[in-house]
Structure formats: C-alpha cells, structure tokens
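Supplied in structure tokens, the structure appears directly below.
Note that the chains take the letters A, B, C and D in the order they are written out, and that residue 1 is the start of every chain.
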Amino acid sequence: MTILTRGAYGEPGTSLAFKTGNWRSTERPVHIHAKAPCHAACPAGEDQQAWFAKLQEGKAEEAWRVLVAANPMPGVTGRVCPHPCESACNRAALDGALAIHNVERWLGDEAVKHGWAYPVDAPAADAPTVAIIGAGPGGLSAAYHAVRNGLRATIYEAGPEAGGLLRSAIPRTRLPREALDAELERLCALPGIDVRFRQRLGRDVSVEELRAEHAAVLLAPGCQEGWEWSVSGAVPADHHEGLALLKEFMDHGQFPSARRVIVHGGGNTAIDLCRLLKRSGVEEVTLVTASALPGPDTDPADVINVVPRELEEALEEEVAVIEHATVNRLVMRGSRITGAEIVSLKKVPGPGGRKKRVSFEGTERVVEVDMVIPCIGERVDPEGLNGLVKRGYLRPDDAWGTLGEKLYALGDARGDRGTVAEAIGDGARVIGAITARLAGAEPLADGRAEMPASGLNPTYYERLPKAKAPKLPIEDRTFDTEIEGDIGGTATMAEAQRCLSCGDCLACDNCWTFCPDNAVIKTVELARDGSHYLFDLDFCKGCGLCAAECPTGYIQMQPEFAVETA
Amino acid sequence: MVDDARLADLRRKFGRAPAAPSEPAPAKRTPREAQPRFRGLESGHRACQGCGEALAARLVVECAGPDVMIANATGCLEVFTTAWPESAWRVPWAHSLFENAAAVASGMEAAMKAKGRNTKVLAFGGDGGTYDIGFQALSGMLERYHNVLYVCYDNEAYMNTGIQRSSSTPHAATTTTSPAGKERMGKRHLKKDLLSIIAAHHIPYTASASVAFPQDLQRKVRHAMGIDGPAFLVVHSPCPLGWRHDSRLTIDVARKAVECGLFPLVELERGALTNVMPIREVRPVADYLKPQGRFAHLFSDDVRAQEERDHLQALADYNIQVYGLTGEGQDPADTGGAAAVGRSGRAPRGNDGAARRVS
Amino acid sequence: MREALEGSQAIARAVALCDPDVIAAYPITPQTHIVENISKLVAEGDLHTEFVSVESEFSAASVALGAAATGARAYTATASQGVLLMAEVLFNIAGMRLPMVMTVANRAVSAPLSIWNDHADSMAVRDAGWIQLHATSNQEAVDTTIQAFRITQDTELPVMVCMDGFILTHTLEPIDLPSHEDVRAWLPPLEFDRKLDPADPKSMGMLVTPDFFPEVRHSHHSAMQKALATIEQADADFESAFGRASGGLLTVEGDPEAKIGLVAMGSTVGTMRAGMAHFQAEAGPARLINLRAYRPFPSQALRDAVRGLDHLIVIDRAISPGLGGILGSEVAAVLSSAPDAPRILNVALGLGGRDIPETLYPDLLAAVRDPDAPAFSVFDADLKKLAPEDR
Amino acid sequence: MIGDMIETRIHGRGGQGNVAAAYLLAAAAFEAGRYCQAFPAFGAERRGAPVAAFVRIDATPIHLRSQIRTPDYLVVQDDTLLLDPKITAGLKADGAMLVNSTRSGEEIGAHFDCRAFSVDATALAVAEIGRPIPNTALLAALLTLTGEFPLDALAAALKKRFHGAVLEKNMALIEHAADAAPKGLWARETVDA
C-alpha cells in the first residue's frame, strides 16, 4: 500500500514506475538499415558508408578493412572506376557528391604503403578448391572471396602476368603499373590462392577436367575479340579495331600515323584512345557517339557511359565530340580513308523496353579524316568454351553467374558487364553463391530498400565543399605519368565527414537529444542493430520526433501492428 | 568554489560519468543508468507526445544539473512531471504557485547564501507564469539581483488549462480565448517583447533559445550557470496540442520559427545586444505558419487572411532588421551551422557554438 | 534583560535571537516598524541573515517558502492586505508542511481603507492550515515568537504570531528580552528532513489526485490536533527556562465561582483584565478566558474552561458579515457538545481600530443579563451614525 | 484612570516628535523603576497635522490598552493646537496642562479653567540644539513640575536614544528646561507615604 508522504513530497526519478509506452497507439520507431544509394549503385558491392563511418572516426586501417571486405583492389578501382556510387550519392543535390573514388584510392595506396594485412585467414589445407579461368579483376576477386570464405582457389591464366584488361588496355596515365602491381602482388600472395600462368583454356586445361576436379569452375576469360564493324562500303586494309589498337599501343608505345582521326564508340576504351591519340600528336581527334554528353537536360540513360572525369579531361584536351551520331560509311580513295559519312541518330524506346537506334535521313555529312577507329565492343574468344558461348558471350542465367552444375561465369564475358568494378563484384557474388550451395542453400539477394535523398533530413548536414584531386596540367600530360593525383590524408578525413550515412546510423545523437521522453537510450557498445541507440518502448509515446529529426532516415515510424507481426 | 567530492558523488548517483578515471565505475548498471549525461528529468513523465517543453526542460536540466535546485511555476511542466507519488525529477525541485516561481527561487537562493552553499537555483515557468501572472515576482527577483537562472518555456499560450491566449501568444494565432470568427482573426494583440523588458533590468545575461537548436540552448545554459547573478533564458518550446501540428514536427516547427525571423535567437548582456544566431537562409513566414492549425485561418479565402499573413511577415522582417539576423555567407554559428551534426553528435567542422559577436 | 521597547522593535530583536537564515518582508502599516527594525539590525551587523526586501507580500511569503523548502529558518511579517495578498502562498506553505514563522500585525481589511487594528486579516486565512497564536502583550508577542520557531520545527506546521496592530506594535513598554545564548540553548537548530538537497533530490508541491487528497487534508488536520500538545509543551518549557509563560493554549483568570465568563484574544484581554479589576464591585464576579491558540482550536481546553458558567461573552475583533462573530460562532460550535453549555453573547468590538475602553466591561456584563440582548452585535457600533435604511 | 496610574496625553503636530516624547517619558519612567506604556493615536496624518500620544505610568503592570480619555497631565507642544477644544477634553479636575508657549501659564490656565504652566520650549530647543524640537524640554519641565521621578531618569532614557553631540545638547537642554519650571509645583499628595 502506498503511504502518503508528509506534504506529499516525491522521491527522485520515481516516474520510471509510470510506463508511458502504452500511450503509443499507432506507430513506433524502428531502426531500418536501408541501402545507401552509393552501396546500391556500387557494382563491386562495396558498402561505402560503412568504411566512411570508420574514417569519420579517424580509423583509416579499419576503413580499408571494411572496404576490402567487398573489393580487394581499391587502389585499382580508386583509379579506373567510373564510380556510379558518386553519381548516385544523395549529397550531389546538397553541395556535390562525395569524392568516394578519390578516398577509395587513398585507402588502397595507404594499405600498400603500410602493408595492412587483408582480413583473411588461410583456408584449411583440405578446403574445397575452385578453379578460375582468367586472372583479370573478376578472376582475382573471385579467388580472394573464395579464400575469405574458407575455400581455396586456383587461377588458370593464359598470359604471363595477372591483371587482364587492367594491364593490357588501361593507360598508365590512369593506372600506373606500380599501383597495379603492388595490389595484385599482395592479392596473389594470399594463402590459398594459386595462380598458374600460361595456362590456356582449350590448350592446357579444359572446362570439363577442371569441373571434375574442383568444387566449381569459374569462367572469367574477359572479352578479347572485337565485334565486326558494320559500315556501308569498303573497309581499309589497315583497319584497326579500338581495343586491339590500345593494347598494341600499351605494348609498343606507338600509333599508326594520322592527322585527323575519328574514334567511333562510347566507352572508356574510346575515350582512352582519343586522349592518347591526341597526346601522340594527332591534330584532330573526334569522338562520334550515339550517346550524349552529360548536361542538365540530358536523360541519364542517354549519357555517354564513360568515367565522367575522363570525359571531362578529354574535352579539356580538345578532343572533339559529335553526339547522337554514328559513322555510316567510309569515304575511300583507293585503300586510303579520306573521310567519314556521319549521320545523326537517336536512341528511342523500342519493343521490349530496349532502345532502338533511329538515324535521320538527310542529316548525312562527310567529315575529312584519314583514320576511323571503331570502338564498339568486344566479345568472348570461344576457344575452349565449346557450346558455352551464345551470341558472343557466356550469358549466364542469373546474377550469380550460374552456367550449369558447378559452372559459373563472371566479368565481361557474361555479356552484361563492362567495368572492372562489375567484374570484382561478380567475383564476390559467384563465390557467395558457391559458398551457399556448398552449404546446401541458395544465395540470398540483398532485398533492402534504397534510401533516397527525399528520405533524409538535410537540415543537419553542414555544407562542406567536395575535395578536389590534383591534376597534371594538360601540357605536362604524357603517356606514363598518372594524370590525377592523390587527395592526401587530410582531405580524405575532411571528405569522410561529408558522408551523409544515408539509411544508416550516423551516431549523431539526434534521436537521443530530441526525445522528450528520454526513451532513447545511448549505449557504449554497439547495439545489436549496429547503432548506439536503443528505444525504450516502456516510455516511448510514439511522437515520431526521432524519426523526423534523424538525418539519415535510419529511424522510421512503423505501424504498431505490423511491428508485432513482423 | 565547487564542492568537487560532493559533485562527483552526485554524478555517480545520477548517471554522469565519473569525473576522474581513478574513480571506480559502479558495477552492473542498466543502459539507462549508464547514460553519458545527467538524467535530471527522467522518463515516465506525462507530457503529450512530442512535447517541446518536456524536451526543453530535459535539455536544460541535463546540462545544468546535478548541483541545482528548481522552483517551478504551476503549468504543464509541473503537472506532467510530478503526479504524486511519481516524480520525474532527479534534482531537488519545488512547485509552489503559478505566479511565484521567481520569488520562491529568490528564497532558495537567499537560503543557499545564508548557508554558504553553492547549489545554483533555477526557476522554471511557462509563458503564462513568466510573461503574465508571475511577471512582477520575476521583475523583483531580477532587480534584487538573485543568483538565479530563470528559464521560461515559451509555448505561447496557457496550455495547462487548455490553450488560452497569453501575452506571449503571437499575433493572429487562435486559442480558445482568441478564436477566429466572423469578427476576429485570432489574437488581436502582439506577442509581448519580454526580452527587452527583462534586459532593461540591466542583468548580466538575457537570451532566447529554441528546442530546435539544442547545442545552442545548452551553450546558453552553461553560460548562464557561470554567472553569479540573475540570468534569463526564454526557450521556444512548441506545443503540438496547442499549436495543432503533428507531434513529429515539434523540432521542425521550432526551427522554422527561428528561420523565418519570428523567434530570433539573441543574447543580451547588461541590456545590450551582444550576440545573435544569423539566419542562413531566411524562409517565408508562411513556411512556419502552414503546419500549424492555430494559423489555419490565415490560409482561408478570407480577405483578411492575406493581410494578417503579411502582418506576421512584416513582424518577422522587423525582427530580422532590428536584431540583424541576416547571415553573411556560411557561418558555423548561423542557423545552418548550429543545426549541423556529425558522427558522435559533433558537427563536422569546429562548430563549437562560438557565435557571431555583434559589434 | 528588561528594556523599554516599542513592540515592533522587540519583535525584531526576538526574531534576531532565533537566528533566522532568511527573512523576507514587504512593509505595510502597522507591520512596518518590524521590517524597519530588522533592516536596522541587519545594517548594524547585529543580525546575520539574508534579508530579502521583496516587491510584494506575495513574494515575501514566496521567498520565505523557497527558503524554508531548503531547510532554512525563515521568517516574514505582514498585516491586513498583505495577509490577503499572501493568502494563496500561505495555504501553499502549510500544505507543503514547511516550517516558518510569520508575525501578523493585525489590521482591518479594506474597503473602506482602515489602517487600524482588528482581526479580519488573520481570520481570513484561518483555514490556511497555519498555527495561529495571539499575544495579549508585547512580552507575550516576544516570547511567543521564540516559541513559534520551536513549535514550527516540532510540528512542521507554519506558525503565525498575531499581535494587534498599533495597540501592541506601536506601544513602548518594558520587555524582558532573553539573551542570545539562552535562546540558542532553548531553540534547537532546524533539521528539516524533507529539505531540497541535491544529495537527496526530493520533489515538493506535487499534484495529488483524489486518490490521496482527503488523506493529505486528514493528515494536516491531525497534525494540527497534535500541535495542541506541542504548543502547550513549548510554553511550559519556555516557562521553566525563562520564568514566564505566554498562556499555553488558553488561560483562565478571575473568580472560579463566577457564572459569567468572557473570551477574548489579543490586546483586548488586557483591557478586559483591567476592567474586571476596576469594576469588580459593580459588575460582579467574572471569569476571563484568554484564547491564545486560535488554530489549532483548543476545543477541549475551552470546554473545561467554561465549566460552571451560565453566560459566556465572546469578544470578536472581526466579523463574518451574514453570520456574525467568527470566534463566537466557533466557540458556540465547540461548546454545543458540552453539557450545561453557557449561553453565549457574541459581540464584535474594536473593528477598524475603534478604541475599546475599559468602561465597556460593565456594559458587556450588563448586556449578558439583558434577556433581550441580541446573540450577536457589533457592540460598540453607534447605529445613529447610520441612515435608517442602513441600520 | 485606575489606581495610582498616571496618565499623560501629549499633543503636537506631525514632525514635532510627539511619539518620541511619549516614548521618552515612558522610558524615563522605566528608568525610574516604574511600569509604563506609551503609544500613539496613529492616524493617516502627515507632517503638520495635529497628533496625540499617550503615556501610562504605574507602580504595577499595566494591562489597560485603551486610549487615554481622562489624563492627569496634558503636554501641548504647540499652543496653536489649543484652538481645538478636543485638546483639553477630559483633563481631570486635579490635572494640569504644560504648554509650549510664549504666553504665560496663568493666562492659559485662566482661559481653560485648569492648572497650567508654560515654557517657551521651542526657544530653548533652538538655543540648545539648534532645531525647534520642543519635546525633551517639555518633558524636563513636566518632571520638574510633578516631581514624579527625577530628571536623571529622563537623562538615562535620553542616553539610550541618543549619542554624541545630539545627546550632549539634549542633556544641556533638559537642564535648562528644568530650571525654567518651579520644582514640585504639581506634586501629588502621596497616597500612603
């Protein structure tokens, strides 16, 4: 029985006996883990926000460890990736996307510099082994993730070195050899990875043999053959396909001589070629592309699919671009090209959701050139892949790369990929599927929703300028020196502070600060949901303030009933 | 002279981390007990969902406590925190009457002086107990120079009795005693300029704060706590029930009040304006009015509605001009910078609350 | 030490002897001299206290409340309109069971404005829950003030010491003020368990729902009942320490065999005492009851005191318009359960400072014997001064 | 009046020290070992208005608290007050009146048909203390006339009220005023000597 105190005084904090949680009638706050758009957009499957969170705490090595949980080659992707993460970044609308790309590179380089160890343990000696065809980014990534998952990996590489396209087709001005070698060496040296060079599929090994001897066979051969170029009329004898030309240049450091060149295509190879040609002394280099340059009114789907920075630099270097056009016909004088007929076109919606190209009669014009280089893509070399190649590619059934029993495809060879990051991501995905299937389960896709900019509360983010990486002046750009520089540790740490932590806990204390009911409890250790905060539902009245003032959208109000039945 | 041993003891008891690492941490504490802040106002109080006043009081006490005592005027804060036998307070606290919080605080302070103790005395009142019925006692307390921090939780009407107008109710707002009708567009009179009156007492420190800017609010509390003499703080504390806005919008509405200029955040020392929080991007008054039902009649087809909206806009413009609230570019102390947070609660760039000084 | 002192000055000195921590007061006639004398003691360094010169009586009581809540010994003084302006706070102080002492220099309540004595002010707050003790002389006022500090500590009920404005406050007479040492020895330090203290942070003045409110009021009433013994004990202890008493709950004097008795409070008692002595021969024997404790009301002591009386004259110095005398009504209520209760003649005397001459004494006794005398009258009112329709 | 009690009523004007005179007289009686009571008939009057104060002196404790209607002595601090007939009302047949005046006591006594004595107390006060405050001079004269208790008692009372130069001047003033009155002129017959 409660006994009345004299003068009806009360003891401190006794209101805790009065549980106001039953005032909550409609909604309660929950911590969601939405995907940040960078993460959702990252072909390599990186959780940028997670490693930025570590950087915000000043922990660079931890940040790198979180990064390489998805992508073992940040030093490479930090140089060559077209960073769709930055295009997706919710900060873009605020004061410019995060310089994720530059920070990634800095972390990759720091790891090499300090010899930070990859967060992997040596797999057991009798662990299942996967066979991987090709030591390009996809194959290497797959090997790495295999080891991370307790498997062993044997890579069969046709060439004498690892790296694939990274080595053969990406100019050193973008990816210096030292940076590439440093990361690849560390990766290939990981316990459980066995790289065998000069092992050519169809000659030295066969898919069937490998399949018989391994837990799985992963095909990551890349695309080595150019597509036939369909132009009307004659094609010159010394016709050069873009990728082949680029590889040749990478090996020999020389281009066939020309004064005016048209590069026909819309990918990174095309841009790389344009810039190298220009730098090698070609007077006029013109890119003819069916796509458009990025602009305020450009449909994102129509934008030329290249690393934005590379395009920017190409324009700086006075590479000319003809948008929404294609090369229709070559004008020949004998076996020599004297011009190209260009026609305007547009990609319009076609049947089955696919884009259809429509060229406009009457827009044809002839441009004076002495060389035209098609860069219209490559396909899989079918050698040793009897019966697996369909319409130029391996075309697996699903995102996991499944081609058949214990047989997977990844990287460019799939036919629906085009970047290093995608290949790296495939490596992780394929291994994820293999690991799950070895355990008798099916792999699960990440079904989380993505946090759009509209889900954030921008009030709480101070406007901070984006970090700018140093660049070589145009006149100093050569064939060997890297054009884009390192942003450095200070800028990296400052840039890290710009991460909005979309859809995940920023640990900003807002919920804790703004709860009028003290129903948000801050914890020293991380709570089970990965945040530092707990909702004390004994006292939460469901006002929704925490959700409204959560900068990142991490707190959402959910119907009481739905929560109970969830 | 602060009694360190005693303070340490209080902190150990009520949840603030031990001051010195040498002190052993108490064993086996619940997460609530281990909160890294002083839990001066505990859960289990009976404020409405999204109560701005509950929040403001919690923010004040958690940075003022634990070595304080409070005289609380009658009002929502008093009623919802202390329904016998359950008290939400973890600081010595007394409620006497509606109109005498300042006088009761004066008495507490006199007693502390008489006994040679340093416990700081706080007085809490709503706008009714401060702008109106308790105004005389407050003036007396300031004039007598008691070492008391008076905090007015301004929710702009008598909310405890069910939303009746006070002299702090803004012009044109509806309350149950200033309803809108065929003859009237809500409150006919203006919101009392209390800060000027308080500042005219020539006291060391007078300031306004808002629940939307908790770091700024707590900086002002800490500053006032350090003053040996009277200090006055008015905290704009939205009342979802009385202002008729969604409970989740309490902070949003409070922020907009500041950003439109209707509730300027200023500091005055000895009657002189010494500091303001500049508005980074001044927003139209309508942004502030729109979410609130008490201003709903200002968005009707009535011809007078536009006129009253213009009037409120003019009042906001007046504040912006008189207090010089226009920001100069990006300032860590302006409304944008002051709101900023980052990981671990800190704003990403040196936002230590150092505000712009008025020269 | 005996000195010739004005009442107000004596009260100020008596308060100082009790070492109050906080004094808050607002001047009002006829309490002003008390405040002024206290101010002077403070100014001269003879009283070390926090003296708060407030802006109103309302704040005076509130300041005292705040101080008392922290466990400080608090004191205030007021009169008349001041009592009424304090009224809300007085209920509050009592309801919170805070110990403190207040002197009321009794004065009429306006309108019309009157600065002179009657008991309308303290009577108006008789239900506030304060102990109310009346002094018949300045010596009693001094001694009762000292006792009041002890009573309030022992009972945790605030104590109002009532003394007639001007008649006592402004009268110079010989007064024996105890020494500071003796008072300190007699009055223990204030130890208030429920005080506001950060080390044990209690909440005071909480909201109490109907679930407990009747119990709150019952306990208050019960505390007042128990305070009767405390008041008597304090006076008895005071007498053994200082050699004189102040009248316990009530005193009875005169002829024990008398059939007529008088009940009065405050300075009127002295005048009636003088009248009784002077007019003994012509007016006959009488018994004079000095009611010192008005709240708590000493019902049983009063029943004992009137035993054997046929008539009881109850002198009120206040009126409840529409009912009559307040004290008279209460005495009647209390005696209604007494066997052979005397017939009561209730008179109001001295309202608004009307002088009460000793010559009224035989008139009062004569009125008792008059079977046509009204049960209540404003005895000294001259109805001829009224228009016929206002009589 | 009851028993051997002496009742004195002092009349003056606001600002003349009327209450002080009553308090001084009572205090002097206290110094002489008597019981005493002094109080003003307070009104809402301001400076210049006619005011009165009362003093009771007795050998035994005084209980009576009413105003004095039938004084043994009247002390009038300002002879212009005598125009008001209420001033002299109730003076006992064997009572006496001391007036601060330049007119003679005989003249005043004859006019009011009572024993009267006058002292130019204002002149004495101006001469001794430099201010026209007649009260202490009148008290000294009253004590000399009545012989109720010695002038030393008044001196003792003054010493408790004043210090320094003010006290010295007042001491000189009462000496001079005492000299201005015939000793024991109004002495009462001792009831049981």
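As a convention for this text, a residue touches a chain if its C-beta (ideal position, glycine included) is under 8 Å from a C-beta of that chain, and two chains touch if they have at least 3 such contacts.
Please read these numbers as outputs of a predicted model, since none were measured by experiment.
*Asks:* If each hop has to land on a touching chain, what is the smallest number of hops from subunit B to subunit D?
*Replies:* 2
*Asks:* Count the C-beta contact pairs for B-C and for C-D, then tell me which is higher.
*Replies:* Of the two interfaces, B-C and C-D, more C-beta pairs touch across B-C.
*Asks:* If you average the Cα atoms per chain, which one ends up farthest from subunit C?
*Replies:* A
*Asks:* Can you figure out the chain closest to the middle, judged by Cα centres?
*Replies:* Closest chain centre to the overall C-alpha centroid: B.
*Asks:* Please report how many Å separate the Cα centroid of subunit B from that of subunit C, as a whole number.
*Replies:* 44
*Asks:* Measuring centre to centre with CA averages, how many angstrom lie between subunit C and subunit D?
*Replies:* 34
*Asks:* For subunit A versus subunit B, what separation do you get between their C-alpha means, in angstrom?
*Replies:* Each chain reduced to its C-alpha mean, subunit A and subunit B end up 48 Å apart.
*Asks:* What whole-Å value do you get for the distance between subunit A and subunit D if each is reduced to the mean of its CA atoms?
*Replies:* About 113 Å separates the centre of subunit A from that of subunit D.
*Asks:* Find every residue in subunit C that makes contact with two or more other chains and list them.
*Replies:* In subunit C, 96, 200-204, 206, 208, 212 touch at least two other chains.
*Asks:* Show the residues in subunit B shared as contacts by 2 or more other chains, in ascending order.
*Replies:* In subunit B, residues 81-85, 87, 89-91 touch at least two other chains, as defined above.
*Asks:* Could you pull out the residues of subunit A that touch at least 2 other chains?
*Replies:* 2, 5, 8, 10-12, in rising order.
*Asks:* On the basis of the stated criterion, which chains touch which? Give every pair.
*Replies:* A-B, A-C, B-C, C-D
*Asks:* Hey, which residues of subunit C end up touching subunit D in the complex?
*Replies:* Residue list for subunit C touching subunit D: 2-4, 6, 30, 115-116, 137, 164, 166-168, 170-174, 267-268, 270-271, 273-275, 277-278, 355-358.
*Asks:* Given the complex with subunit B, which residues does subunit A contribute to the contact?
*Replies:* 2, 5, 8, 10-20, 23, 53, 56-57, 459-464, 497-498, 501, 506-510, 513-519, 521-524, 534, 536, 538-539, 541-545, 547-549, 551, 557
*Asks:* Within their complex, state which residues of subunit D touch subunit C.
*Replies:* Contact set of subunit D toward subunit C: 2, 19, 22-23, 26-27, 30-31, 35-40, 42, 44, 62-67, 69, 157.
*Asks:* Applying the document's contact rule, which stretches of subunit C touch subunit B when the two form their complex?
*Replies:* That would be residues 21-22, 24, 49-50, 52-56, 58-59, 62-72, 74, 88-89, 92, 96, 196-209, 212 of subunit C.
*Asks:* In the complex of these two chains, what residues of subunit C are touching subunit A?
*Replies:* So the residues of subunit C in touch with subunit A come to 95-98, 156, 194, 200-204, 206, 208, 212, 215-216, 219.
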